[in-house]
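Presented sequentially are two complexes of subunit A, the first with subunit B as partner and the second with subunit C.
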Partner chain A sequence: MSVWRRDIVSNLRLLAGVEGKTAGEPPIASMGATNPPLIERPLFILDHIVSDGAQVTRPSIDPYREPTETEVYLLGGDLRLTMPIIIGGLTSVDAKHLDVVMLAGFRMGVGIHLENPPSLQFHVDVRRHVFLEASEGDLQGLQSGPVVFSIESVEELAKVRRAVKSLGLDTQLIARVPSSANRSLYREVLFAGFQTVIIDEDLGGEEPLEVSLSEADHTLKKLPINGFPARYYVGLIAASKRIRSSSDIFKLGGLGADACIIRDAWLIGVDYKPDIPAHQLSERIENLLIGMQREIKLLMGAAGVSSFQSSIVGNRELFRAIDLPYHMCERLGVKPAGE
Partner chain B sequence: MGAGFARIRLDSARGWRVKAFAVSDTVAYQIFDMLEENGHVEVLSQPSPEYAPMNGALTSYTAYVDASYESLWSAVQEVNEVLWRDGFKGRIYSWGRFVDVYKGVGYPADVYSLYQMENRGLDADLWIAHTRQPTNSPGRLPVWSHPFSSGDWAIVHNGDISSFGSNMELLWSLGYESFVGTDSEVIAYLLDYLTSIQRLNVQEAVRILCNRFNRGLPDQESIKLFYRWRGARLDGPFSVIAGFCDGDDVYMVAFADRFKFRPIIVGEDENYIYAASEEAQIRTISPEANVWTIEPGDYFLASLKKGVIYPGRTLHERFYTLSTQLKHPPTTRDCIDASYMNYRMLNQAILERIKAGARQVDIINVRGQRYIGVGLDYPVKLRIFGTPGNCLANLNKSLEIEVFGNVQDDVGDVMTGGRVIVHGDARDVLAQAFQGGAIYVKGNAGNRCGIQMREYRDRRPVLMIGGRVDDYLGEYMAGGVIVVLGLNYLDTDVEIVGDCVASGMVGGTIYIRGKVSPRKIGLNPPRADVMQYLRGLLLEEMISLKEYEAIESLKDFSLITLREILSPEAVKHVSKLYVNKYWKELVVEYRRLSSSDLAVLQPHFEEFGKIFNLREEVNRVVEENYFTIIYPKPDTRTRVEEPEEG
Partner chain C sequence: MINTKSTPILITKYLPIPKRESKEFWTESRIQHIRYLASTGKPKMVWDRCKSETSRILDRVFFWKELEDAGVEEGDYEVPDGISVSTRICYGSIELAHPLYLGDMSFGALSGVPNIAIARAADLTGTLAGIGEGGLHPEVGKCSRIAVQWASARFGLDLDVLRKGMAVVIKIGQGAKPGIGGHLPGVKVVEIISQTRRIPVGVDAISPAPHHDIYSIEDLEQRILALKEATGRPVLVKVAATNYIPYIASGVARMGADGIIIDGQGAGTGAAPSVVRDNVGIPIELAVAAADEMLRREGLRDGFTIIAAGRVSSAEDAAKLTALGADVASIGTAALIAMGCIMIHKCHLGFCPAVITNKITDNPKKVLSLDTATRWVVNLIEGWSAELKLILERLGLKSVEELRGRRDLLVGTGLSDSTLRVLGVRGVSGKN
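And now, the complex of A and B:
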């Protein structure tokens, strides 16, 4: 069965304005389940996780009339994203569109993950939002700002560490690691001066993203730096091309992600084609992001929560698992439904 | 049911007073043996039961120990964890040098007599009392009762914290291992951790927990503080009253959540400082105290030595100027003395007077009785002396109710006719779904006033407030008129309304004396989001640097302001952040009242001035002052009315 079920694609495209006439507007949904695992066949662990929702003594919040904060801070509080989303998957985008995507993302205040950065100079403002992938070879002339290193093992880290030394002080270091259970890697990465960790399922790894993310969150919470849990100094980002929707982002937030890198979701949502006119691409990205932000707000409101970063991120108590083996619930830290 | 008390006394330190519930003497001894096994705790006295042990039930034991804070903290964690694993035969629930907690199952009176508190001759610098109807944990064991305590903090809580899981994660990562599993306990642990371990001052710690919405310009320092302590921020409904002693001073804290989903009231008289869920509770002890509410997401802080340190509102000083001069109650034999009546008895007594032909019924010594006047559909006048409880005049059709005092929450809910006159202040959710008649309040009103007000044909409700109001004035308003006069803030530049005025408004008109900041009207996107977007437009040269800087320099702005500065093309873009399918354009005017405004308002101004003896002030305001006038932009095309969702 395809990850990209028709209703998922259709919802993204309605938000982006590719279909229909309600760009940026989430369809009003009820509380209750019309989705996996009860109605559709579940594909991922995420599909077994549901939001516990607001109830009488903890009322829901109407995000259209009352403030609901989707902003998240990364890089030690220096980078403010308007919503917990980073646009990735730009390797699939025609070179002539890179600027369009980056500017649209910048306007909307999300992050942009560039895996194969072209040798272009960014505006200094835009650069702050670009998570620029680098390897130890090409650090010459790198503009200051967030830099991402893909690190798959502790041995690799040693090489990176030497390269990092040649970087300026105002470079913010981000480690991109595979979706694995290699807990010692987080420790090494943090002690090497990295302040953000991306857990990227597309880099491989033997664990599903949900498990790896949740365990990373808990590992970092039990790792003290200056007597205080490391997790509260560092940012944790989840990445996978199978992150489909704002509800996936919402749930990954609950498992510990401050933000998510979305790849196929936005490409499919805006119906990306190399010949798409620039203004249309820009418009659709904006619409999609506004729509997803509103969906996240609606999900937060339905859970009786008004701040994503302080009340959703790592708040497993707001979620329950349906039809998930008990040992899996334990690893995720999510209670089975009914408990 | 559960109830409990905490007392904090500055000079009571005899070492740490550790209190534990245990199912038997044997378990109690085991608990204190385990504490000592930790190696850094010396038990100074034998554990003694605080009341006659009941077979198989948890009994409270006390003993004194000598230890450093850190050693005792970790020993308590260990012991509680072991007790929890061993099938819950006991638990240490309080350990402080200055704090003493008494809690149990039952009503407060039951706990009071269980601990024989009357005979103990207890005195304190701060008392906290609580009663609960459990929603989040079973109520059958005393460990789930409030107050919750950690170190020299004791707290009581009303609400349901939705950030509970995040707060637990932080505490767990800091080494807190054992929880009884109710959301309220995390508040005590967080406050104790932040002040005792992290050495934040009380004010900083409480500010983090309150988690107030960022109003206006973001300040970098607060952003960093809130980011660092994101695991300690509270979300969801709560009001909390807490006490703390650091050995030098005793602190009293009261705070409310950012939406103010739960009531909290504070007060002061010559001798004492008070905080409570309802004003009637304070009035029971101090009929003359000055009382006021806390702003949404704010905190009240007082100490034994310093008195009120922060009043919980920025505009406290003029707060009760209008409402303190109350008429003395009548002493005729005709009036109803509500002293020993519950609300049923009181409404019954009123009904009997009416049936006997009374055109006016006076009620004295009213103290917190709810639902007064509900179901009494007669064109008579009730004069209430005292503090009526919540839900006064709900569903009112014909009564005229005049209150010589302050009223509590939810007055005039779904009122369709008649009149309510309040000579003091009103609290939250005043005039909710108010649909006919008039409500006049001489003083201030609270949060969410006039929400969902509506009109139908000739039924047009009028809500007139002499003082100021908090957030969400006229939210979802669909009809009728709201007037906020701020007479206690004349000749100042103080804004007399809170945030999110007219959010979701679809009908009716709101008049607010003076200028209201654009960002306070409706729900606006965060300033940082808009500036980010504009920065993007600047990079693409869709707006000029001059335009960008003009907006950046404004203290606050709205879409209306942006329209005045930016090109229509740029406005079209940035509108996306403001406009959605539920958004309705509001017209905001700033001007003197016109003759057509006065055609509706003048009779009410006259009544208001006459009743409250404020003719001069009202006339002056009407003639001289500018008003911010808000109403939804009329539809340019007719459309089929769809039923509103519930």
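And now, the complex of A and C:
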């Protein structure tokens, strides 16, 4: 059983314009759904989670006719993304395409996560959207802008902070951590001067992404700083190569993610091949992103919500779990369907 | 002028069932079973054998009696005498000879003949057919056992149309796409649809997501009362099964509606964005159990009707939903399958091979035979009812009303603790 079911791949490719003639438009289907957990076999906790449809007691919103906002602010408000998406997985991309992908992402107003960065010269505006991974011992070469450090422990947090401070760098610090329920790590990020945490399932960790994200969100919400929950100051980003679709991004938003790093999803969606012409790659990325944004708007509208960051992020009450045991529902903070 | 019209081929036979490329709820054996009922009008089985192929929550709920009855043989069943499946709904104002509602499918989504066949079958069997959102087809308007739908776009509605049926349905939501409006792709909006719905030809007919005059429960009350006064008919409110379904059901009952149609996740649709269809809403079995529980607790259940819709595929499904608290089951997709649907999920494109949901043209090559389609649906209802009687007999009950709310007759297998609690059903391990 593959993570990339035929319908998921086809949906992404219809959005990107690789298939069909309605690029950028949410695909239409008919007759009953066949999705997990009830018909297809569920692979992840996300497959058990459904979103709300607003009706009777409050109105739904019509995203075709009424405004809905998918923008999110990260890095303490310094970075505005037009949608909760960051393009990652660039290690799988041919070097000649890095610029193409980054420019397409920048034009669409999303973030770009760059691991193992080659020495590139960025336009200053583009640089602000690039989450540049710091390589070991080479902090000197970093330009100002968001910098990502892979971190596993509280001690490492402090060490990175000292190193950056001693160099007098003006960078926004982002901690990329494995998917774990390490509450003390989440509690310490703010004190160590980090503004954002990326919970990255692809770095390993003992918990599924859904659980560690939810734990991080809860932990930071319960920690008061200057009269506000710490979560108010710290952004949370979920990352995994198994984030498959706009609905996964939407549900992870509900569990606390301000944005998600997508990896295989966009590579599969645009049908990436090293010999793809640059203009085609760029066009497909833009189509895919605008389509995913529209899908997120449909889900928001159905739930009767007009702003992603203020009303979806961490709003577990909008979601229900189908056939998940109580202990798991409790860890996620999501009620079972029907309750 | 040369008449280029050729006589269309009349469809009176079922198409072969294609091989599936991915998992499907409407499996070949479910389709075969419905086709058997539709062709013969006779029962084929007591306990639903198709449920072992899929893992819907309802598929993992059994009657205790079935577990005791190991291996009843397939064969000719003697339909028992003295068991009543007729039921009264909407504070007793409508009597149904069979506890079935034929789900709201619009003229436009379906291509005309199926709409007429469903409405005529309702008349012939003493059930009730919802006409859906697309206005009233003139031939459907000649039938009496219809429920006229008042949906967010108000397509083709006026007072005459609203008074044509036995009941009015306020459509708030549907199971396939809770929180968003109806959608008829432009390719299917041809001249006759344009006239019935009073919209331009060739343009997508996208109904507003909310009713723009219903933004609260109080607004809903005003519409319910206004429609009752204007038409003199009982009013049902159709909603999708969502997070707050118990509260919604309670609100709908308090606001004076005669009943609620709850449409579960996984229900059919003529067109919906896949992202919404696949990720919004909860299964009908949980919604019915939760709504029934809330209404009972608040003393609102008596006289109020719950119609359960969404993946209702057999008499056993209907019986289990009744035991969980529904009054009547709604069948939509099953009726389409009875008329020859082979479940290829292409309704939104307008070229249905079974000519059920195809685009209407002036010069069609194939047309579904109205007589055959009507007979198929009538037979389905009769065969279904016979199977329901057999189930009631096995359970030792004399009427379908005795089954209502009898959760003690059910058992869940391989279900999580949270699911069992919402269902109010005991669990055993094993079986699955």
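Keep in mind that, in the parts below, the second predicted complex is superposed on the first by the 324 of 339 C-alpha atoms of A that agree within 3 Å, B and C clash if a C-alpha of one lies under 4 Å from a C-alpha of the other, contacts with A are read in each partner's own complex, and residues count from 1 in each chain.
As a convention for this text, a residue touches a chain if its C-beta (ideal position, glycine included) is under 8 Å from a C-beta of that chain, and two chains touch if they have at least 3 such contacts.
Keep in mind the model is a prediction, meaning the values are calculated, not measured.
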item	value
First (subunit B), second (subunit C), both or neither touched by A:338	second
Partner chain in contact with A:24 - subunit B first, subunit C second, else both or neither	first
Subunit B versus subunit C as contact partner of A:64, first or second or both or neither	both
Which superposed partner A:109 touches (first subunit B, second subunit C, both, neither)	first
Which superposed partner A:126 touches (first subunit B, second subunit C, both, neither)	first
Contacts of A:314 with subunit B and subunit C, given as first, second, both or neither	first
Contacts of A:304 with subunit B and subunit C, given as first, second, both or neither	both
Common ground on subunit A, meaning residues reached by subunit C in one complex and by subunit B in the other	54, 56-59, 61-62, 64-65, 303-304, 317-318
Subunit C contact footprint on subunit A (complex, rising order)	5-7, 11, 26-35, 38-41, 50-65, 245-247, 250-251, 295, 298-299, 301-304, 317-326, 329, 335-339
Contact set on subunit C toward subunit A in their complex	21-26, 54-57, 172-173, 176-181, 183, 185, 206, 208-211, 214-217, 220, 237, 239-240, 242-248, 251-252, 265-283, 286-287, 289-290, 310-311, 333, 343, 345-348, 357, 415-419, 421-423
Parts of subunit B lying in touch with subunit A, wherever the complex brings them together	135-136, 159-166, 168-170, 172-174, 211, 213, 223-224, 226-231, 233, 235-237, 258-259, 261, 472, 475-476, 500, 503-504, 523, 526, 528-529, 532-533, 535-537, 539-540, 576-577, 580-583
Subunit B partner contacts - residues on subunit A that touch it in the complex	22, 24-25, 54, 56-59, 61-62, 64-67, 69, 71, 73, 76-77, 80, 82, 103-104, 106-109, 123, 125-126, 221-222, 229, 231-232, 286-287, 290, 294, 303-307, 309-318
